[in-house]
Every structure is written in structure tokens, then in C-alpha cells.
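Okay, got some structures for you below.
Look at the two complexes coming up: subunit A is in both, with subunit B in one and subunit C in the other.
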Partner chain A sequence: MTPTHFSFTTAFILGLMGVAFHRTHLLSALLCLEGMMLSLFIALSVWSFQMGVTNFTPAPMMLLAFSACEASAGLALLVATARTHGTDRLQNLNLLQC
Partner chain B sequence: MNPYVLSILLISLGLGTTLTFMSSHWLLAWMGLEINTLAIIPLMAQKHHPRAVEATTKYFLIQATAAAMILFAASTNAWICGQWDINQMSHPLTSAMTMTALALKIGLAPLHLWLPEVLQGITLTTGLILSTWQKLAPLALIIQTANNTHPFLLTTLALCSTLVGGWGGLNQTQLRKILAYSSIAHLGWMILVSQMAPQMTIIALITYIVMTTAAFLMLNNINSTKIITLASAWTKAPALTALTCLVLLSLGGLPPLTGFMPKWLIIQELANQGLAATATIIALTALLSLYFYLRLTHALTLTLSPQITNATTPWRTPNKQPTLALSLFTIMATCLLPITPTIFTLMT
Partner chain C sequence: MSYLFCMWLVLLILGLVAVASNPAPYFAALGLVVVAGAGCAVLAGFGASFLAVVLFLIYLGGMLVVFAYSAALAAEPHPEGWWDVSVLEYVIFYLVGVGVAVAYFSSEWYNYLLPVVSVCKEFFVLCEDVGGVGVMYSLGGGLLVICASVLLLSLFVVLELVRGASRGALRAV
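And then the complex of A and B:
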């Protein structure tokens, strides 16, 4: 395992654990998702750079575009949640459990 | 919703699934999954009540996490083996991680807790899309990666799903939650044979889609989301109520109906592979599901609603809803068992 591989793996797993275990605010979950996406961006760009696959160089850009769309959808949902529930705390999302 | 926006969203839904179907590269498959997720979010949140927004938020968080995990597993595989092909994900760690992420995406048992809540918060039509069309793309990926996955993981996921799907539905009074648990149980049956006989998975998926579509369209037609409103369904549509029982029993898998076909073929396949213990367990867990379908049937036919209908019965007034798809799917959900050999030959 190269140092680059180790660093993006650690970054991704930290982000994933942030989503899974730190469940207070919706905004922090969205930030963790964005951190996961950025670690994937590093993974893809360094992979194409190290392997010398020039065909693959647009892929990190596409990943970034999709993650931007996803982040904007997440922020829109954050606004919608704040309007309907009054707060962005994940504890308040409890209307559907029974 | 504006029809232009609606058509764009529906086309995007189709585009995402098709992109995942035809891709052999993990990045393209991931893009298809993302397009699918992003296209259904406005459909889920179109009614601005708190429950819909909450369901959409939960769905978004789960799907985004699962998609990121899939891409992470694929890029790790590329770093280790230098391979982006879906069929050749050979490293055991990455294939297990992909399967876990796909299980999270479609709601298999240890990762299923979001599905009943999300389905409870949205309308029946969007719920129909969510429980049929949205399962296609992840299941296509599951069928392609199942060859390289450890069988123990698949069997555990499948048995947990059928058990939890049967058990969780027992205590529910909300029809959409019951349908969500039924979806979990059926997906368990599909995953169980995805490695040894992928064509059985496809047959089970097709019959599940037909039966669930019929059930959702019927509930939409009589406009009921709770068991108690089922008891007065006969005042709205007597013939439809009689057929709803058959569709529900077909979902439960009783012999003269379509739902028996996938269970029969899958158990036969398991017996051929010498997995008698697995076949016994999965057949017994199907009984748990059958119990709550029987409860729904009982509420539909044998109970009388406590409200007294003072007005003339509503079935006298003409029903303006379109019924072509409903009748088609109902017939397919009840009468397809005799052509099992044809379907089997077409698939294999």
C-alpha cells in the first residue's frame, strides 16, 4: 500500500465514520459526504497520473461535477428540512418511525 | 408539478438506469446511480409536508453514502489490480465492500432500516417507482459482481432479509411499511440465487415488479394507506377488492398464483445445489411474510368497517381513474403461473 493509497483510504474512512457515527446536524453529515467525495477525487486523479492513463484524466472532473450536483441537492434538502422541521438537527427527523 | 419538469425528471430516471445497465466501467455505473438518485429526489419532495421532506433527506443521505462507497471500492480495486471493469472486480475486500454498498442501496436486511421510513413518507405513485424502477440498476450491478463475492456474504444477506422482512411486517398497520418489508423479503430471495443462477434472480425480479406494481396501483385506486381503510374498500370497488386479495396472496407466494413461481424455481435450484438447510430456512421465513399478507386479506374481506356509511355506496359513482395498467398488472400478478415453462425457457 503506497502512502497515497493509505492517505485517501484513511480520509474516506474518516468521512464515512463521520456520516455513520456523528449524528447531530444534517450539515455535518453533508460536509462528511463532501469530504468522502474529495478523497475519491484525489484517488482518481492520482491514479490516472501514476498509471499514465491519459484516457482517464477527464474522470476526476466528472466526479467533481457529480459531487457538486449532489452537494447542491443536499443543501436544498437542508433548507427544506430547516423550513419544515425548524432545525437541522437529525434528532428531529423522527416523524416517520413507528 | 410542471409537466415539463416532470418529463425531464422521468427521462432522467430512465437515463440513469439505462446508463448503469449498459456500462462495464465502474465510473459510468456510478454516474447512472447518481443520476437516478438526483432525479427521484424532486419527485419525492413534491408535496411540501414535513414527512415527505424527511423521507427525502433520509433517502438522499443513504443513497449518497452508498454511491460513494461503491466508487471507493472500485477505485481501491483499481489501485490494487489496475482494473475498472465491473465483471473483473477480483479482490475479495473490494467485492465485499461493493456488495455491502449495493445492499445498502436497495435495502437488504442488516442495512434496511431506511426503507420502511422512506416509503412511509412519500405518495403511493412515487413509492411504486422507488420500490420497482429504483431497484433495477443496483440489482444489475449485484448480478454482475456476485460471481466474485464470497457466497457466505450473499447467503447471510439473503437469509437476514427474508427473516427481517417477514418479522418486521408483522407489527405494522401502515400499508406502505408493510409493502416495504415485503420488498425487503423478496429482495432476499433474489440475492440468494444471484451467484449460482442469475437468471432465477431476473425471473424473481420480474414477478416481484409485476406483483408490487399491481398492489401499489390497487392501493392508489382505492386510496388507502392504512389497514383500517382497507376494511371499507368494498364500498368503493367491490370487484377490485376481491382481486386485491388474490394479488396480496400472490405476493405471499401461494401456489395457483404468480408469486409461487419464483419461490418454486429458487427452492428447486437450491435443492439441486445441495443446499437443503438454506432452502428449508428460507421456505420457513416465507411463512412469516405470508402471515401479514393473510392479515391484509382478512381485513379486506372478513372485517366490517366501524364507520357507518350513510350515503349511497361510493361504487355507484363512476371512478374516473385510468385502469388499463391496473387491469394488466393484476392479470399478470394472478395468472402467470401456467406459463412458467415459457418464462423459464426465455430466461435460460
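And then the complex of A and C:
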């Protein structure tokens, strides 16, 4: 495992652990998801460059478009949660009443 | 592999540690800026100049402005930084984990620390990522149409989610 492969794999696993463990805010979970998508972008780009596959380089661009979709849906959920619950703390999402 | 490139790799991991260690969203967004800059520098070090520029512009120009707006929406009077105890123990835990992984995998890294291999691609005439992204407009036209329709669909998803408290997908009952 080269140092580049090690670093983006570690970045992905760190983002995954950050999502999986206890989060205070919904927005910081979304930021961890963004970090995971960023490490996936670096992984796809580095793969296509080290293999010399020129035709694979559109794949990171499309991953970036899909991560924009994910970020927009997450931020819309954040705005809707801040409207109905008054805050975006994840403890309040356990409440059944609003 | 030069020492500057290794510094960007280390900064990539440290930025993700800063994001994942559960600080306030202000500081987590700052960590994500560091990660985006380091990732851009890593891609530029590989020679993928166009993809590096795209990454930097999309993340810092597009998403992080929206994230700064949402961090202002989720504001709190005393944001907790990395020096608070509850965040600092996450930082120490992640750093110890990364250190264990480095100690496990670093036995074969002395091959890659020599600046040998990465220069031999400079005899190519075509810049590889620019030509490759251009393929998206000719052969990958169907995928491009799919991406555009997915973005349009996500626009309608966002409009339906934030529609209001009485109508729409998420409502207060």
C-alpha cells in the first residue's frame, strides 16, 4: 500500500467513523459525509492517473455531481429540521413531539 | 516522492481528523477547507491539474459557501473547538488509530519516498485529465444527460423538502 493509497483510505475510514459515532449536530454529520465523498474523488482520480486510463477521468466529475445532489438534499433536511424542531441537534430528533 | 507531497498527504489525514472529531460546525467546516486544499494539492502533485482545479472550485466556491450559511443557521453562543475535553479525546483517539495504522503499513514505504517514478509521464503530449474529461462530452453524452437529470431531480427534492410546515415531505403534525 503506497502512502497515497494509505492516506485516502485513512481519510475515508476517518469520515466513516465520524458519521458512525456520536454527533452533536446534524451539520457535522453532513460535513463528515462531504469528507468521505472528497476522499472517494481523490481515490478515483488517483486510480485513473496511476493506471493511465484516460477514459475513466469523467468518473470523478460525475461523482462530484452526485455528491452535490447529496449535499443539497442533506442541507434541505437540515433547513426543514431547523424549521420544525427549532434546532439541529440530533438529540431533539428523538422527540416525537415538535 | 518529494517531501512536500508527503506533507499534503499528512495534511489530508489531519484535516479529516479535525472534521471527524465532533467539534462545532464552524470548526468542522474549517477542517473541510483544509481537506479540500490538501486534496487539490495531492491531485496537482499527480499531474491532474484540471481535476484539481475542478475540486477546488466546486468545494470552496460552491459547497462551502452553502455550508457556511447553514453553520450560521445552526449557530450557538459558545462553539466548542478542538481544545475542549469532549473533542480532544476524540482527536487523541483518532490520532492513536492513525498512528497504529501507519506503524502497521509503513514497513514498505521506503520504496516510494525516492523521487524516481513520477517524472516519466512527462513525455506525453496530451494532458491526460483534460482529454479524459473531454470524452464526457462525446462518448459519455448519455452519462452527462443522466447527471443533469439527477441534478434537476435533486432540485425538486429540495423544493419539496423545504416547502413548508403544513405541506410537503417533512411537516410538523
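Convention: the second predicted complex is superposed on the first by the 93 of 98 C-alpha atoms of A that agree within 3 Å, B and C clash if a C-alpha of one lies under 4 Å from a C-alpha of the other, contacts with A are read in each partner's own complex, and residues count from 1 in each chain.
Here, a residue touches a chain if its C-beta (ideal position, glycine included) is under 8 Å from a C-beta of that chain, and two chains touch if they have at least 3 such contacts.
This one's a predicted model, so the numbers in the text were calculated from it and none came from an experiment.
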Would you sort A:Leu14 into first (subunit B), second (subunit C), both or neither based on which partner it touches?
-> second
Using the touch definition from the top, say if A:Thr84 reaches subunit B (first), subunit C (second), both or neither.
-> both
Look at A:Ala43 in the shared chain and tell me whether it touches subunit B only, subunit C only, both, or neither; answer first, second, both or neither.
-> first
After lining up the shared chain so the two structures overlap, which partner does A:Cys69 touch, if you call subunit B first and subunit C second: first, second, both or neither?
-> both
Going by the touch definition up top, name the partner, subunit B or subunit C, that contacts more of subunit A.
-> C
With the two structures laid over each other on chain A, which partner does A:Thr57 touch: subunit B (first), subunit C (second), both, or neither?
-> second
Of the two partner chains, subunit B (first) and subunit C (second), which one does A:Phe6 touch, if any: first, second, both, or neither?
-> second
Counting only touches as set out at the top, which of subunit B and subunit C does A:Leu33 meet: first, second, both, neither?
-> first
Contact residues of subunit A, present in both the subunit B and the subunit C interface | 2, 26, 39, 62, 66, 69, 73, 77, 80-81, 83-84, 98
Going by the contact rule at the top, pick out the subunit C residues touching subunit A in the complex.
-> 1, 6, 9-10, 12-13, 15-17, 19-25, 28-29, 31-32, 35-36, 39, 42-43, 46-48, 51, 54-55, 58-59, 62-63, 66-67, 70-71, 73-74, 90, 94, 98, 101-102, 105, 108-109, 112-113, 121, 126, 128-129, 131-133, 135-136, 139-140, 143, 147, 150-151, 153-155, 157-158, 161-162, 165, 168-173
Touching residues (chain side subunit A, partner subunit B) in the complex | 2, 5, 9, 12, 16, 19, 26, 29, 33, 36-37, 39-40, 43-44, 47, 51, 59, 62-63, 66, 69-70, 73-74, 77, 80-81, 83-85, 93, 95-98
Any idea which subunit B residues touch subunit A in the complex?
-> 27, 30-31, 34, 37-38, 41, 45, 48-51, 53-58, 60-61, 64-65, 68-69, 71-72, 75-76, 78-79, 82, 117-118, 120-121, 174, 177
Which positions of subunit A touch subunit C when the two form their complex?
-> 1-4, 6-8, 10-11, 14-15, 17-18, 21-28, 30-32, 34-35, 38-39, 41-42, 45-46, 48-50, 52, 54-58, 60-62, 64-66, 68-69, 71-73, 75-84, 87-88, 98
